[in-house]
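Input: a single structure, listed below in structure tokens.
Chains here go by letter, A, B, C and D, matching the order in which they are written, and residues are numbered from 1 within each.
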Amino acid sequence: MANLINRRQLTIEWGQCDPAGIVYNPHFFEFFDWGTWTLFELALGVKPSELGKMFGIIGIPLVDAGARFLAPAKFGDVVEIASQVSAFRRSSFDVTHRISVGGTLAVEGSETRVWAVRDPADPSRIKARPIPPEVTAKFQM
Amino acid sequence: MANLINRRQLTIEWGQCDPAGIVYNPHFFEFFDWGTWTLFELALGVKPSELGKMFGIIGIPLVDAGARFLAPAKFGDVVEIASQVSAFRRSSFDVTHRISVGGTLAVEGSETRVWAVRDPADPSRIKARPIPPEVTAKFQM
Amino acid sequence: MANLINRRQLTIEWGQCDPAGIVYNPHFFEFFDWGTWTLFELALGVKPSELGKMFGIIGIPLVDAGARFLAPAKFGDVVEIASQVSAFRRSSFDVTHRISVGGTLAVEGSETRVWAVRDPADPSRIKARPIPPEVTAKFQM
Amino acid sequence: MANLINRRQLTIEWGQCDPAGIVYNPHFFEFFDWGTWTLFELALGVKPSELGKMFGIIGIPLVDAGARFLAPAKFGDVVEIASQVSAFRRSSFDVTHRISVGGTLAVEGSETRVWAVRDPADPSRIKARPIPPEVTAKFQM
């Protein structure tokens, strides 16, 4: 497990809550996405929007995502998202996200993403590529 | 006023409603956007995603939007969006949207959009261009 | 596996796509949510907004969700969501969602939900309750 | 014009941008909503989620909203939202929002909202009520 953890706080907004008064679940997957982008910014020191240019990739597309919802988050709650790469493989990696409300774990999520380039043989497709070791090294503190 | 009207029905979803149990207002601006795209599809017989290619434009970007909220829409309500170009000018146009619930007008909206191309002098900018008369003609029944 | 399948078609909207031109992943979890609501409407013949009243529950809250992203969906694509209860347990159940584009499976998702009532001992909390057999029976064709 | 201004910074997220690479317009109306809630928090010293309880209202529902889009905001841009009550009337008020990117005004918006209670004669409806002078006073610095 890469030990660099990105912690981000945000306040739950009115429009993120549903008629039950709690966060509508797809928003948590946005939070995961934001958590990953800012984790990469923390690790690599480059704005997420510059990531593609810097490494010659088209991005880090998501291939798998999941979440367990343990406790609700409500309008006005301050939540913390702690994001960490839990595994680097040759050309893909897993990110674990823990969302807590007042110190209590509310949502646990995971994403699997791919280090992707445009396929030279067919530019309409993408291809996984080995993650450079200088990238993975940055996630070790 | 161009007399072609696009009518589109949709059912209000759980996740589009806020803790007050009614549609969170930004979703109505999504409905306006969808209404305009499908109005153009109806008028021009071309899928919205093909609009740019067909007319050599980069799109029809929004420069102004507004709405009056007269009555709420709730989870499960079937709403109708009636969209109509209310004015064509040289290189811009207005679209009026009327959203009704059970026959009662609930939201009245308007958008002003521009017929836009990439600026040949600076490709990072856009430029308004005259709307082709064969386009405006299609909005008259 | 309950053999009733709800099939729902929708057209991918401009605002559901990200700068890569493909559906931003959290929207798929909205699609799953919509798929489950309309599956219940199909099975039980009751509008989703009436579900709570009819069965004395506060809802069917989500406790687990996951998705595998196999192929992208783009602006203008017509997608089909096929939703089916893959397992009923005493007080919880799983729903499987298959999203296809032009007949090709693009996203495979699953949700675990609970049949929930307000806890009589503490109305701020919820409690799982056995799913009535007359409910589960309706998901068999 | 009430001279208290709430300034809030946020970074544009990947999922808030559309295939043109710029913020999808309905998100600006979310930003206006967030701007109003945090302006009220700044003025009244009470969390938005407590506003109803404190003043015996059901909320401050939106009756009118509008925006002019002057320049785009892109993924990674840091934007500032400056929100200010531009007019207090007997039972309604206007909020003006100015969104700037790098010091340049990008979006100018306005909202009209109502100070609302549940109608005692019919609890399914809402009624405008006079805004307490101790509330309006708090928006003067």
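To be clear about the criterion, contacts are C-beta pairs under 8 Å (C-beta built on N, C-alpha and C of every residue); 3 or more make two chains touch, one makes a residue touch a chain.
All of these numbers come straight from a predicted model, not from anything done at the bench.
Ranking A-D and B-D by contacting C-beta pairs places B-D first. With respect to chain A, maximal separation of chain centres occurs for B (centres as means of Cα atoms). Look at where the CA atoms of chain A average out and do the same for chain D: the two points lie 29 Å apart.
With centres defined as mean CA coordinates, chain D is found 24 Å away from chain B. Of all residues in chain C, those touching 2 or more other chains are 14-15, 20, 24, 26, 30, 33, 75, listed in ascending order.
Of all the residues in chain D, the ones that touch chain A in their complex are 13-15, 30, 33-34, 37, 47-50, 74-76. On the chain A side of its complex with chain B, the touching residues are 14-15, 17-21, 24, 26, 75. Those residues of chain B that touch chain D in the shared complex are 20, 24-27, 29-30, 33, 58-59, 61-69.
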